[in-house]
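Pasting the structures here.
After this come two complexes, each holding chain A, first together with chain B and then together with chain C.
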Partner chain A sequence: MEKPKEEARASKKYVCTFIFSMRTGTPIEKLHVITKFLMIAAMSVLALYMFDIPVSKGGPDIIGLVLLLVLVFGLLIISRTAKHLVSSYLILALPVLFGEFFWWLFFNGSLPGAKIVFYLWPGFLPIGISTLVFVGVFSLVYYKLRSIGWSLVAGLLLWWFTIMPSSLSFSSATTWARIPIGVTYSFSLPQWSTTVALSKALGYGVLIYTSFLFLLTTRDVEIAGALRQLRLSFRKSFFVALMFRNLNTILLDYQDIKIAQTARAANVIRKSIFSKIIDLAQTSIPLVATMIRRSTETGVALYARGFEASKRVTDFKETKRLSYVDFTILAILAAFLIYEVILGHSITALFTR
Partner chain B sequence: MSGGEKTEAKTETKYPWSNYTLKLGRGEPVSTTQYVLYAVQIAAIIILSYLSVSLLGPLSYSGISLFYFVYPFFLVFTMWWGIWGIISAYVGCVLGAGLMVGLGVVPSLAYSIADFVPPLVAFMVWRGLLANRGFDPLWRDLTEKEVAGFKTNRVGAWFWFILINGIILNAISAELGIGIQFQLGLVPGSAYWLWWAGWFAGDLLAMVIITPVLVKGLTNLVERQGLVNHGWVT
Partner chain C sequence: MSVLEVNDFWWKYRSYVGVENPYTLKGLTFKVEKGEFFGIIGPSGAGKTTLCYALTGVIPHVFTVPIGKAGEHIKGEIKLFGQTLTKVESVIDEKTGRTVDKVVGIKQTAPRVGLLLQDPDNQFLRMDLLHEISFGMELLGLPTDEIERRTKEALEVVGLGHLWPIADLVHPSELSGGQKQRAAIASFVALRPELLVLDEPMSNLDPEGKLSIIQAIDRIRNDYDITIIVVEHNPEVIQKYADKVLAINNGQTIAYGTTEEVYCQSKLFQENGLYASDIARIGWQSGLSYKGRVPFTVDEMVEACESKKETVLTDIEDSTPAENAEEIISVKNLDFSYEDGTQALKGVNFTIRKGEYVGLIGQNGAGKSTISKVISGLYKKFQGEAKVMGLNLRDKKVIQKIPCYVGYVFQNPDNQIFMRKVYDEVAYGLKNLKIPQQEIDPRVKEALKSVGLMAKIDEDPMFLGKGEKRRLTVASILAMNPKIMIVDEPTTGQDFRMSEDIMNLLDELNRAGTTILAITHDMTLVSEHTKRVIVMHSGTVLYDGSTRGFFADEGLLAMAGIIPPMAVRLSHAYRKKHSSSPCLMNTKEWVTALNHNQKEAT
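Here is the complex of A and B:
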């Protein structure tokens, strides 16, 4: 029975996943969905643990987090889904990561140790790395969005971030010329702030990209098939499959309703936030009504096809068996978890000893 | 007729919504239409949770939204479909406001308890307590003066609705959600109350604006089609 299933799966070049699609035959595609789930669960536990190691115990495991991030990107490249990530969430996630960094930089005042100075304005316009950052970010955002306003905002924001640390704005290696303008405005933060903030941003990056690794490389039927393997009844596993299969349909319904609102001139007048919220509320009625109508129709269709009467059902052809590769990956992850979380070792400590 | 039976008979005829109780169900298995509907409504909540978090920004911070407009949806779905609405609230948060916005598996599974508790408690309070005191467990008394010939108490309905859902359960939800994220190291201690307030205000605003629209537009339709659960399961 295994061979026809394998053939059926191999006959397709691309398969639809939760978001976008995935090429068949890649090592990640061949992994069992349970392995993929445990893999991303283990990675999120590791990320949460690594960025939360207290300063008294040596501080966050920055090198461990960088390695995890490299591993996630490596897996995305192996699964050949990196292009989808680049064209969608890779850039979109950056503001979140910067946000994370700055929340932890400014709202984490209870850290011990000496303080270091940051500049709101160093008293001169530095020409150097910061200028290159501004030009690079401005060009990249303008190329993507074709909006001078947004390009300026992004460029200036990142430029400002690069002039804030004294190690960047006062070093001759990074600042090649200075044009004196105004007076200096500075503030100080605990020395550990930047390390903790960086580790939080890296850790959050691991969480984001592992989530997308799962969504980009997993099919809804794989989950339903795995539930059958876990001896769940067909009715229960089909319920889960039905739920996942409707995600796309409901998103399309929502978009159709929004387009219909626009067609009825919903966006012609510049409205207040409150009116926009009311508009959003108005989408709920057609959305839920469509959902109920579709459920009734699907219910009737299932009934007509003998859903309630059927005793023996065909298994999902996407169901796979756990292979030695799955077990090897699970063993490596378990070892990594034991080393880092249970035994309390840090990869950064290995390099800084 | 025993004393208990007398009381039951009395409450069953007192209000038009007396058949909506905290029993398990109607005593019949889930029909195919209901089976599909329960699955599809979970899918709808997943998508709305995702949109609630991502519409204000590409990927909102830690799955926290300043206008979490899915909150009234799963509350109303719970009032209609009992345990299935509660499941949709949890699964919707895990997948839509967690994994799909990049929060990671473990934080998503943990902080989604914050969305599980409010519909669970609201369902028990309205069906078990307030329904017997003249308040509609389907919340039609928020927008209608009469339900099936029974004069409703709109001021009282709004009072309980705001107090229980908007303030008490919303505060518990914010405390659980932000508290769990704080424990997991995702929210810095100094910003705790800022995020707490954002969560609280975002849910409250959405609930007050969207619930009446949903209830007025759809509850009677759902009830007419015989799709409202009499108890927890069916």
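Here is the complex of A and C:
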């Protein structure tokens, strides 16, 4: 009897989680949800601390943050959930992280030092290799596209990139003559800006992807069981778990609604971002209607099972004990927190010393 | 002993918008005896689901009444197991000293009463099958070994025993339509209720799935001595299993008695848009009778036909689609797998020509919806070749334009209504296609007229009835003037009259030149409206040919797991005695054949 049971379990390769699904039998699946939660909380605290180390104390811990991000992606890959993330949320999160990077890059004037990043105009017109680049690119693009406008744009862009290195070292070999025109326009940044901006992007990346890691690898039964282990009442535990479970339901509904919208020619004509946002907003109408109907029926289903009248509730295969793996992971995280936050060491400093 | 006694019961939902609601249930009186299989029938919007809520205490404990105003919402009494379940009594309020109306009776009916809702998805509360079934028992505080034993047993009773080893890993959404219904039934079977109320438990299932569910329900009734109340449109189920039937319309009783008494009233069925079985309809329209009443079963009808010596059925010739008509859909060696690795389609081949009306049939999970979504450009990652109007669906630019040619009416209307006004909803697709406003207006109005929703043009679609929403979704696609129309379960959850209206509309469209592909489990619909069927089985095409050819072949029907409509089963039974008889597929053909004989005899 045991063998067919094992075979049946082995054949079930994926299990549904709050969002999408996770491979069964992976180390992440075996972890206790409390460990997962503390692991994510610890990684978030570490990320927040690492990108917030002041310049006077050595600056953000970039290598530490990269390690954390590698760890998060490693866990996503181990749980075989990275594919879902890449196909959906990675694309949504990347613009946010890039935005974060550029925001800190350009609006962080309080940092010490200044460094020219690039010249908009050097104050003179250089004649040399760059001129040949312009002529070559212009001719090539014109030959291909027969468009003077596009040829000019391509030629000037390449010409500008040829003459605009931030060091502006025009050697006599590449620049044969300089014709002074106007004044110099350059863009400069504080020396630490890039490091700080990168650390912020990496740090928020860790926060975002650890949250996904939790949602991608957790199920309602784990939450309900863990909360009951933490002495929360059955009703409260159940409703927290039900709330998370609904993420999964909403996601399934949204997929159906999006397909129905596509069938109504929503993607036939190329639309502006504004129109796409309106399309997205319109999915909320069926989504909310479905949610209202479902919540009413959930109330009925709870009544029909005797939820209101329940007094003494049995714990049936919901709670599980913390294993030695859980304790090992928690110990490693604690050590990491002590090393970085309490003792104030930086992994970057360890490498650059 | 009566399990339920309903005495002149009235119910009105509370209103949250200022305008008072009318009574949904109006003076219902009936009894359900212990161990009975009690059927409730009625057209859409008759109040059947509300009645189920009232019989299980959901009304007034989940759908409540305003404090002190219970008498304005509830009249009469419902008794459950001899005790008052719902009744309004006047009591003196201790604080104010005034007389106020108060609901009295049993507050919690579980676990003695179970209620299975129409859509199992909406009543699943957990993320795995094991805890879904054990949930009610956990609430009861049963010991863990008892919960485990009952869960395993409940799964076996409903035919899901094979899922026991992986019950903790299976999410309810991974189950097929039939399995979901079985799982929902199992969650109540495990609670050992004395009364189980089922609200249209088979509406989304294929014929074989329906049969297995009803057999499981009947088995549970006998094994556990449970009283069953079933709301069901399918007359075959009610006629075969129900001891007594209550027919309601507009919240009122229109018939109540034994199944035989109710189903003999042809006028009742015609006037109220109720589903009658093929056999009953043939009997009513041809005047054949069995022991002084209309025949109910195939055997009874064969006997009725035999009693008329002059019954000779003439052969029927089907019109075949023109071979030289333009190929509008072409699928070659098509494979499709979902992200989790499930292979839904394996080497599918077929061609559909312009102007055809094709039924796409097969069991739940056979691949019908998947192939339809590939054809309509909604699923892109397929292998093989798929062409619509000669356009290759592998081309990304082509696939974006497919909604201009292929209209897809989905099964659930709630998932495809995007606007807050009926007019805007129909205009939505046209605006997406950048049709000029002066052209949009007449197209919207024409589409709404054709589905009979012109009077609702300014209303909010969310407040339309289920049948109206369904017609609105048809109108929304219709306005886009697609060359091909795919309709997924066009008649699910609709009463007989609404189904007829939608099917007549599709017939009209087909006559006007639209190619129609109807995905359905309703074999009566297939036999009455389609000339050709494509039968899917485990992701492959099992049969592609004339509908008559398919229904005539009993071996093929068994292989596809399809139970044919009663009219076809009647033909099979009749042909066993008269081998030269043709395979008549539907009521119309039978009535024509029988009446033709009568005329000739006269």
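Here, the second predicted complex is superposed on the first by the 206 of 353 C-alpha atoms of A that agree within 3 Å, B and C clash if a C-alpha of one lies under 4 Å from a C-alpha of the other, contacts with A are read in each partner's own complex, and residues count from 1 in each chain.
Heads up, the rule we're going with is that a contact is a pair of C-beta atoms (placed from the backbone, for glycine too) under 8 Å apart; a residue touches a chain by one contact, two chains touch by 3 or more.
Predicted, not measured: the structure shown is a model, and the values here were computed from it.
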Partner chain in contact with A:282 - chain B first, chain C second, else both or neither: both
Touched partner set for A:265, first chain B, second chain C, both or neither: second
Partner chain(s) touched by A:317 [first = chain B, second = chain C, both, neither]: second
Which of chain B and chain C A:40 touches, first, second, both or neither: first
Partner chain(s) touched by A:63 [first = chain B, second = chain C, both, neither]: neither
First (chain B), second (chain C), both or neither touched by A:212: first
Partner chain(s) touched by A:100 [first = chain B, second = chain C, both, neither]: first
Touching partner for A:21 - first (chain B), second (chain C), both, neither: second
Which superposed partner A:89 touches (first chain B, second chain C, both, neither): first
Contact residues common to both interfaces of chain A (with chain B and with chain C): 242, 245, 282, 285, 289, 294, 298-300, 302-303, 307-308
Chain B to chain A touching residues, read off their complex: 31-44, 46-48, 51, 57-61, 67, 69, 73, 91, 99-107, 184-186, 188-191, 205-206, 209-210, 213-214, 217-218, 221-222, 225, 227
Chain A partner contacts - residues on chain C that touch it in the complex: 53, 56-58, 61-62, 107-111, 113-115, 117, 119, 122-128, 130-131, 134-144, 147-148, 162, 165-166, 168-171, 173-174, 187-188, 191, 339-341, 373, 376-378, 400-401, 403-404, 407-408, 410, 412, 414-420, 428-429, 432-434, 462, 476-477, 480
Touch list for chain A against partner chain C, complex: 4-5, 8-9, 11-16, 21, 24, 83, 219-221, 242, 245, 248, 252-253, 256-257, 259-269, 282-283, 285-286, 289-290, 293-294, 297-318
Residues on chain A engaged by chain B in the complex (per definition of touch): 37, 40-41, 43-45, 47-48, 51-52, 89, 92-93, 95-96, 99-100, 103-104, 107-110, 200, 203-204, 206-212, 214-215, 235, 239-240, 242-247, 249-251, 254, 277-278, 280-282, 284-285, 287-289, 291-292, 294-296, 298-300, 302-303, 307-308
